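The following pair of complexes shares a single chain, chain A, combined with chain B in the former and chain C in the latter.
And now, the complex of A and B:
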């Protein structure tokens, strides 16, 4: 994306950014660019650029800087998504997500643009980004949500949750919901209890996807597809809302 | 020569008017249709506007029009005068002379013709054009045969749109370019087949016959031109339908 295109975008202003982020943003210079799908700012910094940063703030994980023994993540090959929502169905089945309004662990977002009188559809799968610096964990008063020290997955201790919903407010991705049945906050946990604990290598959504949009795996393991995709030089990879500094572990690319 | 023509026309007019007024003709017509098995034939088409001479040599002058199951037009003149068939070529071995008799039998189907019965005796691809080609030659209201656009496939994934109109009118395809070699005419037949998948398309089956990257855009590109996703499907059929629903019947409306 070049400057001319950027100038056409609507300025979102800085009202929604906390002071700390504003300062960091200015420090980063102009590496953060772009407006997409509802106006979130996202980074279009290519991986080669990102890996040159060689610091812990890089959106794309840098070789040798994985904080967890197993560092699970997911990469979405976004333009392959056809919005069939088989992933959503599989997730609901596997993780017993209620049918209530607002209850979700993963979803498909849709964007329709009209070009020359023809509709253009884009779909984007979203789920909990399992951030390296999760704002939800920081705000939880009872430590009911925490980073799993083994896998880096943001998990819930339903017994400790008091349902104050502070984490829901803190999450930059709106990835949490209040589960009436559990009477606790629930969220995507990469099927850590329902599938990974049984030795399965993929989450339910990734296994259900007919177009292989969702590639799940250990970012550290050089034999995984996600490692190969993330570490291919000059491929364009982005994350959602990098401005929050949460360092998400769900990545997006086209391919 | 002019005088001769005028004389001939006068004679023909006289003959026609006499025949129309003749109680003999009208009574024989009513005798044909008032039987227990009244043929479902459009009434006015049975007022044979023939003159004796034409009928004797070439059969009824007016086209036979079968209304059910779909409108089919048959011209005696084309088959006798132009193609040179005699009456006995078809009567009575293939078709009873009694009006509508073959129709009430229910045996005259496209499948029967493909086996060489009825029209298929000659329309076999060598003597005359095969019955699975040139549909519109006999099916005069072929546009009425088409299901309302768009066709919405929901298997194996929800949902894929297909517009007959753009493929026949904009791209000029004839019925037999897809039917029945790629798609059976029967509604939902493709969906029931196990191989109705993207993989088959890449191998040149179904849509992939044309959508190969040369004739039309390759089927592994521009996914969301045809795929509308669950959200698009719900918009098409749901209560909050916003557009493109005018030709669609709501599947839940009749229940």
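And now, the complex of A and C:
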């Protein structure tokens, strides 16, 4: 489907996305063109196209209006995922994720459906969405979890975590777990300390994926693949649970 | 301050009639319940909160959070009624207001005891709540305001005991303000989480405040009844009238609370996110249905309403039973609220997840709850014994 067709699509929105939310997406350089599939799918097109549209009435982003000097995000090419979980393994190794029940920073969700007697298996990689309006950060009483001012990544300051678990209750994506070694809450941080700090350009999960499902990078940097995919998508792009208003930085597409 | 030594003060406030072997046995019993119960929570610090309590990544909050909320809400209610009668005077409840201040302090102690062993690292809280506060966090405000409230109420109570009426009055007002705001922030903790449609929304903080007025009145009726029961005495006419007023307030708020509960649930079935509706299903016909229909609605709302009618607000025994049942219902209601908010998997439809998670509190969680009841019962008995005269002396004025 090309972009012109996409833009002609009508909004089937149910748990519909309020105008304000659209504006927020516009702020990020993306325009919303439709909401469909049980309200959890949101399609975006490049802002250059959207800016010609009527609904892009305000807040059209100007390059340089991203809130962080670097603005890291990830795009999942969902239908490429084969469920091998090499990403999960790589993450555990790299970030010393404990092995006990319930501790993971990234996971592969699976859905099995039967259509016309044939079984269909779908996989969906999930991780912390490094939200732009992160509920976890807002609720934390001691600022133990916060947005890194350089990268927009949501990070932990373990020594400040009192273990009230409000962030776990607040996260729409089940992205947080109790780390018994640190006796604090823990989460994915896009390998900020274990890889990015060493100059590596990719997270462990993205690097480990044999199917190149996970494209990681700076949303602002025009030379990145993620920039290209988001700004000139050749298929629909959606985020999970847009209705919560958390403004996630992890996007999904098929392709 | 008067020059009275502590023992002289206690000689004036203590109620020697309660220095009986039976009272001693009851007091020691509840002390043991407190120590044994809270020891279950102390074990969490040795073996790990995650191993002792049955909370999971998907359901991080359980019965201890709801128990904390229950005691905190009851404390707010008691404190508000006391402050209203202190400030505005003239209300019949004034005569029992000193006891309400004391029990408000005791209930918040029950709440603190519960949350203290629920939170993984309370020691970090003591430091970082102060040096790294997040003014956008409801939890921060709630903790700070409840801390402030208990401080004010302790000064207020000291003022009452030592006869510094003005100090008591001022501190009572500040204490009540802090309690109301804290209660509101407690409601806000849940109400401001869009990730949990069952909690999210503007109604919840008001719902919590309504609940405070309900639990507070029920506790006022029950504790005053018990205070005379343990003395094996009949209430004086003025105390009887005061408890009757508390009973009236209880009846009124019972109606308000029932209406609020009804519409709250209806709202999930007329639209809105699926997650909220599926959570409401847990109460209506799912894993929380027994809790909801039998304990929250029948035992906690319908039977008390019936008892109130039958008692005609005159039969104190029936009224006290209604108060007790309301408190039981409120306890279960808080549990249902906390659990229902997390019971539906956020990624329902994936990973073959059940529609509702199953959560059964561990024996240690039950232990801590028993411990918190121990705190309140022990506090009640000690209060009657040490400050009994303060609670009733105004009768003669």
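Definition applied: the second predicted complex is superposed on the first by the 188 of 255 C-alpha atoms of A that agree within 3 Å, B and C clash if a C-alpha of one lies under 4 Å from a C-alpha of the other, contacts with A are read in each partner's own complex, and residues count from 1 in each chain.
Simple rule for what comes next: a contact is a pair of C-beta atoms (placed from the backbone, for glycine too) under 8 Å apart; a residue touches a chain by one contact, two chains touch by 3 or more.
Keep in mind that this is a model prediction, so the values were computed, not measured.
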Taking chain A as the common reference for superposition, should the pair chain B and chain C be classed as clashing or as fitting? fit
First (chain B), second (chain C), both or neither: which does A:110 touch? both
Pick one for A:177: touches chain B only (first), chain C only (second), both, or neither. second
Tell me which touches more residues of chain A here: chain C or chain B. C
Contacts of A:121 with chain B and chain C, given as first, second, both or neither: first
What is the contact status of A:144 with respect to chain B (first) and chain C (second): first, second, both, or neither? second
With both complexes superposed on chain A, which partner does A:80 reach: first (chain B), second (chain C), both or neither? first
Going by the contact rule set out at the top, does A:210 touch chain B (first), chain C (second), both, or neither? first
Closest CA approach of chain B to chain C after superposing, in angstrom, is 9
Both chain B and chain C contact which residues of chain A? 110
If you look only at chain A, which of its residues touch chain C in the complex? 15, 38-39, 102-103, 109-112, 124, 126, 135, 138-144, 159-166, 168-174, 176-178, 180, 183-184, 241, 243-246
Under the touch definition given earlier, write down the residues of chain C that touch chain A in their complex. 48-50, 55-58, 60-61, 119-122, 124-125, 128-129, 132-134, 136-140, 143, 189, 192-196, 272-274, 341-342, 346-347, 349-352
Spell out the residues on chain B that touch chain A in their complex, using ranges where they run on. 156-159, 198, 223-224, 227-232
The residues of chain A that touch chain B in their complex are 79-86, 88, 108, 110, 120-123, 210-211
